[in-house]
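Next up: some structures, all given as structure tokens.
In the two complexes below, subunit A is the common chain; its partner is subunit B in one and subunit C in the other.
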Partner chain A sequence: MRRGIVGNLLLAGGLGFIAVIVLLPFWWVISSSIKQTSEIISITPTMVPHSFTLAHFDKLLRSSDFPRFLANSLIVAAGAMAITVVLAALAGYAFFRLKFPGQGLLYRLILVGYAFPGIVVLVPLYGMMSAAHLIDSLLALIIIDVTFALPFAIWMMRAFLVAVPSEVEEAARLDGASHMTVLTRIIVPMIAPGLASVAIFAFVSSWTEYLFASVLIQSDAHKTLPVGLAGIIGQYQVDWGLMLAGATLTTVPVVILFAFIGRYFVTGLTTGAVK
Partner chain B sequence: MRHRRSRRARREALFAWLLGAPVILWLGATLVYPLVASMIYSVENIRIIGSPGAFVGLSNYVAILTDPDFWMAFLRSLIWVVGNSVAQVFLAFISALILAQAFPGVRIARIWIILTWIVPTIVIVIVWRWLLSTSGGMINPLLMELGIIDSPIGFFSTSVSAMATLVLINSWRWFPFIAVMLLAGIQRIPGDLYEAATVDGVSGFQQFRHITMPLLQPTIFVLTIIGTLLSFNVFDIVWLLTGGGPADATTTLPILIYRTAFKGYRLSEAAAMSVVATVVLMGFALLAVRTLAPSREDK
Partner chain C sequence: MASVSLKDIHKSFGRTEVIKGVDLEIADGDFVVLVGPSGCGKSTLLRMIAGLEDVTAGEVFIGGRQVTEVAPGDRNVSMVFQSYALYPHMSVYENLAFALRMARMKQAEIDRRVRDAARILHIEEFLDRKPAKLSGGQRQRVALGRAIVRDVEVLLFDEPLSNLDAALRVEMRLELMNLHERMKRTMIYVTHDQVEAMTLADKIVVLEAGLVRQVGSPTELYEHPANTFVAGFIGSPRMNFMKAEVVEASASRVRVQSADIGTAELPIDGAGLQAGTEVTIGIRPEDVDLGGEGGIRIEATVEFIEYLGRETSLEGRMKGGHSITALIEGKFSADRGAAVSLSFQPQSCHLFDTRGNACRRLLSPAGGSPVAVGR
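Then we have the complex of A and B:
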């Protein structure tokens, strides 16, 4: 489609607007995390830092529990990610490459799980975890994070699994390969980008989870970043520098991960929507 | 031959169930079972988690359904959901139309627009608490510079502004997700439709109205339903920014359930609220699933 001058101006304006609302808040936070406190709380804010200090990061890493929260979050997110990828790949293969009775109904039921309100099962899950002696354990968080990542993860697998030509599979089957061999040797390598996007989804949703972590974890030693940082906010009500440094460091891991597999992730998100 | 084919199909079905079994068991244990447990809790009188309570019939339901706090929270959830849908779909629509154009850097823009969605909510909470704060922060000085306000305003200090601010923050977080989905819908519209329209001298706006809009309708419909469910579930942003205040003005249903269970220790009432919420939401969900699940032809 050709655009006139007006069209180009509109496009540039709109693009500028989106860029500002998406990026500017992050720029303010990241750039302010290296400002001295006096500049952070000054009434005339600065777009570009006039002062420079790493004191906030130093305080965060040396004299707060942030490193421990970070380690806990990494453990939980990595665990939830690994389990989700394996389970979603297996179930995805069954749903989108095989035929079995009850397929449609089961898929629908799992999809309902995607929008299922976590708050509704919070009390019984707390009871179950307490009966299983998993209160204050990172394992409990891994289990629950997998639960809430799985439905969407399976849905995301669809785009990638449907794209594998059935001839490839049939040829292998004719050569006498079993279903399992076809899955592990042929399908898995072909859907690697799909697995990567499921991985990042599971990682991100676990990384951000607050509700269950706030109820199931009780000791500081096992807190994850969201709960830990929320505690720090309460403790140091006015130490914006510390909080901005915390926000910056919490964002970094997901952004790094996203820089590598963001492309596949957005593909999975959008092509999965193809009906 | 017929016999062999059916044996093959049976083996395939068995293998499929085997692959699906871990997921079924997992979700059964962590979603279905707790949901049933919630229903049981809701007709009992439980004070301490883990210890059984006496059967009390529907009295918990009577208690919550006659409690104005419950209905107010219900109403606030409704306002919350509608507000979020409108703001998100509006922002997402503009973004999707822009990202559907060809321009240098569009591929990068299509990926990184999702940034606000992948950032942990706790970061979003910190970001906006600071940006909107009356000491330091960025928004108040900006608005004062622009001459919109005279003195710093507390965005979370009055009921209306607290709710509106939360809706905007949550929409800011979610609109890119909707935008990316809408973009996929736009890109699926065959290009020759527009070409034919251009040949026939149809203007850009008319093309948007008569081609883009009608063909996007199913996508918008599905996204609105999913968006409704996902917005309803939002807990952390509200809890961490306002705690449900000021004066309960942002106490949506999830906040009320959380407070009833873990601050008030009225577990059975919280369970009853959960069941009511589930019933209402599943009404929506059924609708969503009908449109989301693969239709019979393409399976």
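Then we have the complex of A and C:
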């Protein structure tokens, strides 16, 4: 379909408008994190910083618990991401490439699990974690984050696994590969974009998880970023500079992750397999 | 090298039985083509030999070893798929080497075998490329290479040439024949294209609706089709059929009467035929001549004419209402509806009984191993 100049302008205008809506809050946070406190809290807000300081970052990294929160969050999110990717690949392969009794029922049950909001199962999960002596441990958060990410991750695998031609798998089986070898040497490279999507999804869901982190973690030593940052908002005063510097640094790992894995978001990896 | 033997193979998908009891003996080193219309079960049969499909009942033997329950990778067979089924993320070299790596072969041996196969198939210059960077013909060569690199006992082909254009198909057909000549391995080849079947096969197995209709050499199938199905399936254009009634029959000749051709005497063993029974006469389009003296004469009206270059295909309607196709050498033209005289020799005729089974022809080379239509 061909678009005229007017059409292109309208499209560019529309996309620009959406981009502004999406990016403005980020700009606000990042630009404010280098403003002096007086400018941040001034009655007339400034879009472009008039002052410049790295004091908030200095304070954040030297004299707050932020580095510890960041490390905890990285451990939990990376752990949850790794486990979710492995389990989603294994479960996806079983659900969408193999045949076993009760397959359909089991798949639906897992999807139903995704329908429950966290708050509904908060109390029973707390009980379970308590019984397992996992309260105030990062492992508890990893388990919870995997549990919540996995149903959707398995569902995400579906489109990618279904697209792998069955002949490719059969050829590998004739070549003497076991099911596990077929999965690791043939299927996984072919569904890499899917696994990358699952990885990003799992990482971001865990990175931003607040509810369970606020309930299951009790000591400052084990707090993750969302809970830790919330702690900056004190009862009587808010250190906005510190808060904004923390928010800025919090987005960094996600940006880095996209930079590394984002390149796998390419279609057409399966071209050349068949036909 | 190995023979392949199927014993009373049945296969059902749910309640649908697609293979209804197939017995087949394939000798060591034979090039056997399974042919039949789509849905006849030929690919399923091949996949059962490969182990990619479970056998509902019956037994599969490869090289005398019972392999019915053996995993595909342990059957010592390889397969070329219609869709090539290359590993898209691996280079051509790695595609060829994969099976050898699975067999834990030493790198030096892997390298030697991969390069040997690449040389035979003229794909040496593509070894570093990914499949996506190859043309259809090159991909098919890689698929072929992957099948031969393992030096297996039995090679299976599932319509491997159907995705190629006509010229490439002819070229690859020749290559396959050379490969068979060179390797002397048992090859089982599935196709719906009877030209492929006729040109490649030592032995053709014609399947219809999950049953073997005839097994024989291309010549046997062409000269002595066992039933109307095989007669109609092998040969292009299709054999002409016309209903007739037996007037008189003996072991040396059959006299028939038909609205299309009047009365004719055919050199066919009619020992099993009774006077008055309905039979079907079959005549191949290439055996029908324009005009012609002697033999059996037919008057027909022209329905349409296709000029094919070296020959002309004429489709006409006979007095009795049956249509007839004639392949006439050279160029011939006539108006639609024009009357033409055609003829054919009695010894060119095939005769099929009421159940569609062939009666033995007496004036052409003997042979064939007919399989009855009714079970």
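Basically, the second predicted complex is superposed on the first by the 253 of 275 C-alpha atoms of A that agree within 3 Å, B and C clash if a C-alpha of one lies under 4 Å from a C-alpha of the other, contacts with A are read in each partner's own complex, and residues count from 1 in each chain.
Assume a contact is a pair of C-beta atoms (placed from the backbone, for glycine too) under 8 Å apart; a residue touches a chain by one contact, two chains touch by 3 or more.
Model, not experiment: these values are computed from the prediction.
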| item | value |
| --- | --- |
| Subunit B versus subunit C as contact partner of A:Ala132, first or second or both or neither | neither |
| Touched partner set for A:Val252, first subunit B, second subunit C, both or neither | neither |
| Touched partner set for A:Met190, first subunit B, second subunit C, both or neither | second |
| Which superposed partner A:Ala172 touches (first subunit B, second subunit C, both, neither) | second |
| Touched partner set for A:Thr181, first subunit B, second subunit C, both or neither | second |
| Subunit A residues touched - subunit C or subunit B, whichever exceeds | B |
| Doubly contacted residues of subunit A, that is, touched by subunit B and again by subunit C | 269-271, 273-275 |
| Subunit C to subunit A touching residues, read off their complex | 50-52, 71-74, 77-79, 81-89, 98-99, 102-103, 130-134, 136, 139, 146, 150, 163 |
| Touch list for subunit A against partner subunit C, complex | 165, 167-168, 170-177, 181, 185-186, 189-190, 268-275 |
| Subunit A residues within the subunit B interface of the complex | 1, 3, 7, 11, 14-15, 17-18, 21-23, 25-26, 28-29, 32, 40-45, 87-88, 90-91, 93-95, 98-101, 103-104, 106-108, 110-128, 130-131, 143-144, 146-147, 150-151, 154, 158, 179-180, 183, 200, 204, 207-208, 210-211, 215, 225-226, 229-230, 233, 238, 240, 243-244, 246-247, 250-251, 254-255, 258, 262-263, 265-266, 269-271, 273-275 |
| Complex contacts: residues of subunit B adjacent to subunit A | 9, 12-13, 15-17, 19-20, 22-24, 26-27, 30-31, 33-35, 37-38, 41, 49-50, 94-95, 97-98, 101, 103, 109-116, 118-123, 125-131, 133, 135-138, 141-142, 172, 176-177, 180-181, 183-185, 187-188, 194, 198, 204, 218-219, 226, 229-230, 232-233, 235-236, 239-240, 253-254, 257-258, 261-262, 267, 270-271, 274-275, 277-278, 281-282, 285, 288-289, 292-296, 298-299 |
